[in-house]
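Before anything else, here is the set of structures, which you'll find just below.
You will see subunit A twice below: alongside subunit B first, and alongside subunit C after that.
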Partner chain A sequence: MHWLVRRALISFATIFAAITITFFIAEAEPIDPIRALASQMVYQYHIPWSEAYSIARAAAPFIPRGNPVEQYFHYIINFFQGKLGLSITVATGVPVTEILAKAIPWTVLVVGTALLISFGVGVLIGMAMAYVHGSKLDSALIVVFSVLRSIPNYIIALVLLIYLAFQLRIFPTGGTYDLAGLEALKHGNILGYIADVLWHATLPILSWVITSVGWWALVMRGSTISVLGEDFITYAKARGLPSSRITTVYIGKNALLPIFTLLMISIGFMFGGSVIIEKIFNYQGMGWYLYQAVMNKDIFLMMGAFDVIIIAVIVSLFIADIAYGLLDPRVRRGGPA
Partner chain B sequence: MTLRYLIPTLLIAVVVLSTIAVGLIGAGTTVHAKVIVLKTHSWWSPPPAGSFNPASPHFINIVGLVFEKLAQWIKVPNTFVPILAVGWKYVPEKHWFVVYLRKNVYWHDNYPFTCKDVWTTFMIYKAMGKPVWNYISDVKCLNNYTVVFVVKKWGYLVPWYILWQNGEITFPYHIYGKWAEEIAKATSKSQMQSILKSLLEYQPKTLIGTGPFKLETITSNEVVLVKFDKYWNAKNVYIDEIIMPKITSNQIGWQYYRTGGLDFDIFMMPPSLYNWVQHSSFARVVKIYDLSGCALVFNFRNKWLANREVRVAIALAINRTKVALAGGVGMYDPSPYPTDLIALQINLWVKPLVENGVLNPYKYNPQEAAKILESLGFKKVNGVWYTPDGKPFKLTLIAPGGWTDWVAMATEVAQQLKNFGIQVELKTPPAPAYWSSAWYLGGHYDLALDFYGAWMVYPYKAMKRTWIEVNGVSRKVVQGPEFPTVVYLPYFHKKVNVTQLVQELASTMNPSLQHEIAEELAYAVNYYLPELALADKHLLIYLNIQHFLWPDWNIKYNYYNLYQNAGGGHLEALALMIKLGYVRPNPSYWGVSVPPLPKICSLPSPAVAVVPTTTTVTKTTAVTVTTTTAVTKTTTVAVTKTATVSAPSGVKVVTVTVTKPVVVTKTTVSPVTVTKYVASPAKVSVSIPSGLLYGILAVSIIALIGAWVAAGVAISLRKKA
Partner chain C sequence: MSGSAVGARGAYTREQLKWFVHEWIIVPLKIIVRNKKALFGFILLIGYLLMATVGPLVVPKPENFQCPMELKPTLLKWPPSLAHPLGCDYYGADIWAKIVYGSRTVLEIAFIAGFITTIIGITVGMVAGFKGGKVDVALMSITDVLMTIPGLPLLIVLAAILRSYANNPFVVGAILSVNAWTGLARSVRSQVLTLKNREFVEAAKALGMTTGHIVFREIMPNLASFIAVNFIFSTIGAVYSCIALYFLAILPFTANNWGLMLYMAWNNADYNTVIAVVLAVIGLQLGLFMFSYAVDEMFNPRLRTEV
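Right, the complex of A and B next:
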């Protein structure tokens, strides 16, 4: 129990330190948010500077006042009250918590599903590759997965978009849902709405899956190979246990242990979404808002997004620490290192 | 459930759900026969990133289609087409700009549009600090359809700001009136700011405009608009629905182009796509001016760049044709005469300077550039230029990161200067940082890129950007304290204060004075090169000719009055064509019957449009020039002459005293002709020779007498009857 409390305190201190550092990094950026927004308007809409500046200046009442230290304490106090401030330039005047609450479910849907699929498929393929390691199939898959892993996911996203959305017109070009989905919802057709949402999520999910499945497979392959050579596997075979039991309980479980932490970190980062994929597909999740916040120097929205990622990663690691102890008796408190 | 069952189950579930989704969507799609749908791109996001509140910086401002302005500015002929206003006039005695509003206009929630809505909008604009309030002091309603703008500083730009630039009426009184009333009572800026804050926190549920289309829905991927049946010109609108997919990159836009997914748009195109579209069966491209360009700015803090001769040498060392090609084939043309005016403006405003060979085209001439540098003490060793104090001539060039065309042009400039022997380091900070005091606006560079032309054919905005300020920051900050405000113009033999000239350009209504100032300022840019205009930007309008009939762009009138308006925003140009009935469904595609488009798609004129200008009456008067000493060489003397001219009825007669420097040589023969000058801002622009003037007067008098006699005869006949 003492270990758990100590671990919780360390996690809390880490969150606090990470938020402090990111606050001052964000604050140190020498860009006036109003000017940044006005410049963007001038370029995008070709309106005169004076006009753009007067529009952007509407955000002025929402810009924090005082020196950075005062702002920081003000921010921290509000943070512990569950307030993350109001958006300055991205959605002027709208509470950041409201924006994040709307963005997170979309990101979790896309990235969570993609993570689940890529992890599941990757683990299965990785195990299979380990069994046949050294074979031609294994070598071929290593090459394929290495190539897929090294292609940036936005390239895959663009290729999918061009061929499946524009050329073949099988999937939509972007967005989270469209008019058909809204109409379905209006008429009480929940299934229709869900189907529309999934239809829109397919390409972003595929972009993630294609680029990350190989990585999970390669990691699992390495981990499985190392387990395959262990004495307890030989012993299990000698005992005449069924191969399915050896594969799942003896090999699978033990090979999964080292990549469990990676999975938990990925789950944590999942809340940050993917800036580029969400931008390509106009998918208004966390990544999309994070991009907008950074481009327009919306410090509160930026901090809010960072806070969510920091907390999610640290909480995931905390859970991983606990779960790891439960899964592997060797790392339980007092056990051998 | 063990892992081996879980994973396949999940996979199957995803596949099944996707299939169901595709099936349902397919099944749910209804084909609406003869619903005419036009597609053009948008960039808005639904709330919370976008906002239905017109005061928000992220207002979903679907200008022209959902929201309308008092008038549409036709950029190249520089005229206004009445939209929510039907006419306007200036009343100089009261300093009033009176705007007459259109009747039978309705908001999308069916409330009638009246003067109160204009008042509400301008009151909120006051709190927002919109530039129109630099020119007006109050807004009043004379009645439901007459609005008065009290002008505090009359000038050329006043109608432009009121009718068009800030003339978009977005705040209906029945929704925003309470904030407008508070603003009208506010006595301090802080009060206004707190009212504005409360206004910004208001989140309306949808857009309420007066335009031909109302918002049906907005998702993160598209905006759907439907025709508003109570629109004041609904009978001429042939489009039922507008779908606007959100496209935020050129690459995605190109995919839409190739698949015919857009009907009217304006994405930059690579040459291959441009040619492909031009040869396709369903689309065409119309090339227009963007009314802006990209210039190379010199920082006067660098002591070498503060020297005009060095700037000239750099201008001669750059091949602008290659720079323009780097920016994009067809997208940029090299500036013909670096004056910070685009070719169109040069033709309209400073043509005499071109015809008289006054402007230097700065043709690529590295040999001449080398000679200039050598004459200044620079030395070239092993292909590298060294300054007179023996150091390598090194410069830092900055360009906004992410602006691909500009970065490509900056790279080309850097490479050319390197080839010439000047070491150039190219830096590309992210665009928001670039346009901040951290980089360009703070003067942290030697060479930088900036806009010129400034999206207005009238040269005021362009010259203001060049000589006074960029994005609200003084040129003395951006280019250094040494940046000149007073310059000597050798061709005109005089010193001018460029700041004063730019301000005069903003205020004068006198066309000949406007041209004179434009010539002096453009010549000053060309001679002193505070920056070097590299290339004029063009825009390429994509038209789907399979789906719609468009006005013939080969006809000059249509090209300038309809298509050229897309420079600086394609929606307003499209909206104007739609609402005037000049975008019609192609009968062969839609199976509908529509009347054919007229050859010349003419624009309506305002019912009343009295915008006074200063009278220019040319009068030739003999002047005897007497110098205090004998003239032995070319001398400039000031000549003053007072004259009163006759004027036709309705034109105020003024006595004008003209003082003008005259260059006198031994061979100068009197009389010297002195023309123009500045009267108070009064009345109609006419330039009438004296003979014609007397003719008009005589005809007027005869007409008056005739009318008097006729009226007398009519009255007597009536009495007899």
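Right, the complex of A and C next:
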């Protein structure tokens, strides 16, 4: 089977699985989300019950208290049309799609930057370690990286917050941007806004980078060492190829290939981990909204946030897969998966 | 080729006992002592196991208002002193005692989750690899789908509805392994596929051995080191998610544990406790990770010949 077709099939199955899981969880909740939403709207916006109820019902992706099979198909159809209902408690009456559309870029910013930095830096350090393997520097780095890779990222996040934000006040204690950034944006100072955003994103990104750079370095070190002993390297040297070409094309590329699969696992782990990192930094991305929705029994937002996180993972995996196919000709030809 | 030395079932003879002690106690210890990293991890792990088992018998139970209340609380509330080596927390309770009393739940849940994860991973991988055909396609499709769903969000959503059942470590362990087994299942399957057609398995088949015998006696010993290392990594993963879920207040607060301590301390700006828990978690994870360096050698018959 063509690798892209296979990946597409699994992606679709995964989206269906995610939708099904959230649907069952919504069914298991004793709360009727439509009534809950209507009463929240009555309470917050002082509109009559009948009006609130009809707004809530019109926007709902499925109507609870009916035939569950019918509800399920109703939900799937509405999901693919982008009708995900309104938020109940977290942002009463705001469409879930609107909330999530605002949240996605923040998560992608943090996760994407952290992944690129830790992968890039980790791979370079790992290759360098492999060249000097057995040396004192190598063993010292192994110990340092083993320690770093054992620390959960949220633990690093807490430590960074305590020391760099609460005590030294170098970085903000949370949020995606603040008034200074907003002011800059109003006065057309785009650079000032970007600086403010990056300033807020630094600690979340750093929590990821510190804990995963060592992991990449250790994996790349092992992979490079195994490539170093291959015959084609010796042959390339014997042919008198420039060492820069041997390092990048012959060693780098071949050592990188087996690591690529780990990149895919790491994408899912990082999007998933955004729930706790974003909670700690009060960073309003997808994970933050998923957590708020679960804690406040905001059923429609919970369903939407969970499904969108999984779609984000799937899209990233697709991109990684295409990149892998470009790197490795064996995959393109449809070899064993 | 594996357990043949145990011989006939029933009482162990003196010789067999001697063999057992040599094979399972002396040789592994030699391997650990020889490898500095593994020795360090082993000592850490023993420390944590003692803390969780003997600790509560030795260390007095933490009580609120143990610390003198007239001391001015600073950012680090009550600083460490001789009587209270890690200082006291927001409520004036000894932090070291709380860490000791909280370790049991964490270790229990982590090892149970690691165990369940490993069992499911091996079973799914073995069945898929052996049966092949449609069973293989079906199992691997399920594995791929579950693998794509990120663990933490799935756990958070699931734990929210399973909350009322999640008051015993077995249930929490089972929740934590919900999709942690997928990686192991995939690797076991590919290992089985490469071993399936090797001569010794063919020979066993030709001799009319049962599938059970082939799986447990011929294939398993070859996977033992691989499985043991994976068990440790599953445990590391379970510690990660377990403390995360308690810290996020997703799991019910039943017994004192590090995740709950972290949650309470963080919300009360009690950084003394936060740092103590941070160090405790790092130590445990590091111990497990370092110990894994020796495990490979211990269970791999080819690597241990020279000892």
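Some points to look at:
Following the convention adopted for this analysis, the second predicted complex is superposed on the first by the 250 of 337 C-alpha atoms of A that agree within 3 Å, B and C clash if a C-alpha of one lies under 4 Å from a C-alpha of the other, contacts with A are read in each partner's own complex, and residues count from 1 in each chain.
Rule of thumb we're sticking to: contacts are C-beta pairs under 8 Å (C-beta built on N, C-alpha and C of every residue); 3 or more make two chains touch, one makes a residue touch a chain.
The shown structure was predicted, so the numbers you read here are calculated from the model rather than taken from an experiment.
When the two structures are aligned on the shared chain, A:310 is found in touch with subunit C, with no touch to subunit B. In the superposition on chain A, contact is made by A:295 with both subunit B and subunit C.
Once chain A of one complex is fitted onto chain A of the other, the partner contacts of A:25 are limited to subunit C, with no touch recorded for subunit B.
With both structures placed on the common chain, the touch criterion links A:167 to subunit B and to subunit C.
In the superposed model, A:35 makes contact with subunit B only, not with subunit C. More residues of subunit A lie in touch with B than with the remaining chain of the pair subunit B and subunit C. By the touch criterion defined above, A:241 lies against neither subunit B nor subunit C after alignment on the C-alpha atoms of chain A. In the superposed pair of complexes, A:257 makes contact with neither subunit B nor subunit C. Looking at the shared chain after the overlay, A:279 reaches both subunit B and subunit C.
In the superposed pair of complexes, A:61 makes contact with subunit B only, with no contact to subunit C. Subunit A residues in contact with subunit B (one complex) as well as with subunit C (other complex) are 158, 162, 166-167, 279, 295. Within the complex formed with subunit A, the subunit C residues making contact are 37, 75, 141, 144-154, 156-158, 160-161, 183, 236, 239-240, 243-244, 247-250, 262, 266, 271, 274-275, 278, 281-282, 285-286, 288-290. Residues 10-11, 13-14, 17-18, 21-22, 25, 28-29, 143, 146-147, 149-152, 154-155, 158-159, 162, 166-167, 265, 268-269, 271-273, 275-276, 279, 287, 290-291, 294-295, 302, 306, 309-310, 313-314, 317 of subunit A are the ones touching subunit C in the complex.
The touching residues of subunit B, when paired with subunit A in their complex, are 2-4, 6-7, 10-11, 14, 17-18, 20-25, 28-29, 43, 45-51, 55-59, 128-131, 165-166, 193-194, 196-197, 200-201, 203, 216-217, 219-222, 224, 245-246, 248, 251-252, 255-256, 258-259, 261, 290, 292, 403, 431-433, 435-438, 441, 454-455, 461, 470-472, 567-569. Residue ranges of subunit A in contact with subunit B, taken from their complex: 30-32, 35-51, 53-62, 87, 89-94, 98-99, 102, 113, 116-117, 120-121, 123-124, 158, 161-162, 166-167, 169-170, 172-180, 182-184, 191-192, 194-196, 198-200, 202, 205, 248, 252, 279-280, 282-284, 288-289, 292, 295-297.
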